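Some notes on the structure that comes next.
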Amino acid sequence: MSSDNADSLVASDDPNHPANLICQLCRLFYHNGWVTGTGGGISIRKGDHIFIAPSGVQKERMLPDNMFVMDLETKEYLRMPKSLKPSACTPLFLAAYTNRNAGACIHTHSQNAVLISLLYDKVFTIANIEQIKALPKLTEPGYLGFFDTLTIPIIENTAHEEDLKDSLEQAIIDYPATTAVLVRRHGIYVWGETVWKAKVYNEAIDYLLELAVKMRQLGIPPDGAIGSERNTRVV
Amino acid sequence: MSSDNADSLVASDDPNHPANLICQLCRLFYHNGWVTGTGGGISIRKGDHIFIAPSGVQKERMLPDNMFVMDLETKEYLRMPKSLKPSACTPLFLAAYTNRNAGACIHTHSQNAVLISLLYDKVFTIANIEQIKALPKLTEPGYLGFFDTLTIPIIENTAHEEDLKDSLEQAIIDYPATTAVLVRRHGIYVWGETVWKAKVYNEAIDYLLELAVKMRQLGIPPDGAIGSERNTRVV
Amino acid sequence: MSSDNADSLVASDDPNHPANLICQLCRLFYHNGWVTGTGGGISIRKGDHIFIAPSGVQKERMLPDNMFVMDLETKEYLRMPKSLKPSACTPLFLAAYTNRNAGACIHTHSQNAVLISLLYDKVFTIANIEQIKALPKLTEPGYLGFFDTLTIPIIENTAHEEDLKDSLEQAIIDYPATTAVLVRRHGIYVWGETVWKAKVYNEAIDYLLELAVKMRQLGIPPDGAIGSERNTRVV
Amino acid sequence: MSSDNADSLVASDDPNHPANLICQLCRLFYHNGWVTGTGGGISIRKGDHIFIAPSGVQKERMLPDNMFVMDLETKEYLRMPKSLKPSACTPLFLAAYTNRNAGACIHTHSQNAVLISLLYDKVFTIANIEQIKALPKLTEPGYLGFFDTLTIPIIENTAHEEDLKDSLEQAIIDYPATTAVLVRRHGIYVWGETVWKAKVYNEAIDYLLELAVKMRQLGIPPDGAIGSERNTRVV
């Protein structure tokens, strides 16, 4: 495979080409405070090609030319930009592709995710909030209902990001209804069938994490029954 | 009616055409955090034509071509974009059009609205704040004064958004002076005589909801008499 | 004076022309949350001409053509846009022009200003914070120092904005070192020798108001001596 | 040296030229709330030339033509824009260039920095948070690990910014592993080998300062051992 050929993998006028979309979404996530300081990452799958943002770069300044491309079957890099390092998130992204047939995976250092990981033990749960309905049931077709409880597992962080792979895969197996895994004192991984679904799930989950922190600060349990807020209401 | 004819309902170079305005306002609301994760919705009326954003789409990426158009008299769709679902908010929007002759209706998942719905029981009230003056009296001409109390009813959420219709209509009847209804653990519906009035009312109300949450956190009652803050002041 | 002549008062290709600057700054203030819901206002003086944003319009959508122009000497309107109402802030802006020879005056509904007006009685004071140095001494040349105390008077709100004039003028007389007046449960008026100074003063004051609210929430007195935070420190 | 020659020091079509980059980054920092009200400053080194934003200007409106240029060896100004004042931060920037061979130095009035300087005594410490990994070890090659503790010294503020030089230099000597110094009740200085590294360090540190304030508000010690949050958890 020639170098020219590899470059053609990321060169496209189509704004929805994965190499272009990753740049566009990273700018959005940067301005949301999710990937500042080179934190976080994103990957999009197109057929058997996985596009991955490089490690340690400024997320809002990425260019399509910076993208790594991997073959999902062989796990070999089809394209490795010179002088850039592959993302340490790669094994984690692969876990979502392999175990869930995901179309994209987003990793952020959202402060809401970090705070929730400090306030909850093994799982984060929230119930009876309309925004929950943006998230899929997964174990059966359709979306969660207003009266359902959203449960997101929390795994312990490790010294090296790639070492999260085993516990993240275990969480994926143990929680077949989850489309996200929180990493304590670190952030969150969210995936979806397509890049747009992954983006929407990430937005909806971050909304719920932020709301849950605010509810806790007001003394209202985020997973309480409807009406339970009356007892803890700050009058 | 030909398909071409239906498409002409949403094709216009006028930036103030409802199909264009909905897209523009949804981008604004998205960046305010009111309609992330496909939450919320908006509808504008032009004569007997009601323009409605579709269900479950990314609000900041909508195009005029995505709009549903309904006839207010017959309640029949004049235009239904292929592969998109009508908004579940439609019956709620109709309630504002039918009962209040509204020109537009905005629905957000504002976290300020959700938090206030957890902190208050049947109604939210706030008094003696200048921003209240942006809101209409409705039961008589003119706007609320600084010394008036703004009252917004809170209804209980339902499993399916369309099932909110009866209680929302009841709230509209029971509170003839309100231009908004809060939905517990869900968000808010705000309407106005024109799209710009609906937008301004929504901004003013969200400002007041946010301020009320902050006042509660500081121990100051949002509907207290002027001077009451002295007793609860954090010195 | 012909209508054409009056229109020429606000038509200019110079981005620094008052009619253009007011529009530009209102967009900025809107996105800072200071003038949402048509709240707030701004006026710039150019020689004896006072340019004033109209009442009750969406601040981020204003056009130069919407501007009122008044003669400072005669207090007569040189230009009154049809179908728009003069700002109720006009007498307040005039107070700053007449009593302080201001070049511009900014009025916002900043939530930081409203909260501080609830937490303090007759005056807001903050000391020993670097940002104070952006504010002028006024009673002598130069700027406040790090060890100085910034004092901003707080006046009571009235039912009609124009009725604030007397108490605002009294505060201007009583506090010759202030370049701003807080209005309880309402917002703030800030003026300066030029529009840019007024803008910088407003930014610096709002920063200090926001910081003071946060300090109070952490139990740290904003006007405490250096080192006083040790006693109230949340360990 | 002719005036034309001096102007050529700051005139370039290259967006990455220091004079252009300073303007671009100041706009970004302004919208992050780090340099409002003319607060803060930035300097970039290119070889022996130091580019410095002027004192007391609106950071988001700076032009390349406003830049001061100093020779690092001789400490003489190669370019002094008329009617602008050199930044009082200049001796502080020089301390980073001289003692650490920095490529750029950023100074902000971040409220997170001010609040942390009120909550901590001699040093700010945070541990066991993933974002720490964006910061360099300095005393040996490579970056901090997840289990490492980030330590940033806090120096006392002085009446005149230039008088911070001695204590800032002492902190640089006393804390060879730090790439930043907090100034109590004032803000923060952050430097790096290149302008991009300084920017990333500043973003990562501000993220950690903000997170630490939130953790303190929730009763969780930012430098606590993993699991320590269980004891202080708000259940």
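Should a chain be cited, it is by its letter among A, B, C and D, assigned in written order, with residues numbered from 1 in that chain.
Methods note: a contact is a pair of C-beta atoms (placed from the backbone, for glycine too) under 8 Å apart; a residue touches a chain by one contact, two chains touch by 3 or more.
Worth saying up front: this structure is predicted, and the values here are computed from it rather than measured.
Trainee: Touching both subunit A and subunit B, which chains are there?
Mentor: Chains touching both subunit A and subunit B: none.
Trainee: Please identify which chain has its centre, taken as the mean of its CA atoms, farthest from the centre of subunit B.
Mentor: Here the answer is chain D, farthest from subunit B.
Trainee: Same or different interface residues for subunit C and subunit D, judged by whether over half of the residue numbers are used by both?
Mentor: Counting shared over all numbers used gives less than one half: different.
Trainee: Distance from the CA centroid of subunit A to that of subunit C, rounded to the nearest Å?
Mentor: Centre separation, subunit A to subunit C: 43 Å.
Trainee: Per the centroid of Cα atoms for each chain, what is the distance between subunit B and subunit C, given in Å?
Mentor: A distance of 30 Å separates the two centres.
Trainee: Specify, in ascending order, the residues of subunit B that touch 2 or more different other chains.
Mentor: Answer for subunit B, listing residues that touch two or more other chains: 217.
Trainee: Please give all chain pairs that are in touch with each other.
Mentor: Every pair of chains in contact is listed here: A-B, A-D, B-C, C-D.
Trainee: If you look only at subunit C, which of its residues touch subunit D in the complex?
Mentor: Per the touch definition, subunit C meets subunit D at residues 128-131, 134, 145-147, 196, 199-201, 203-204, 206-207, 210-211, 214-215, 217-218, 220, 226, 229-230, 233-234.
Trainee: Would you pull the subunit C residues touching subunit B in the complex into a rising list?
Mentor: 33, 36-39, 58, 109, 111, 114-115, 118-119, 121, 156-159, 183-187, 216-217
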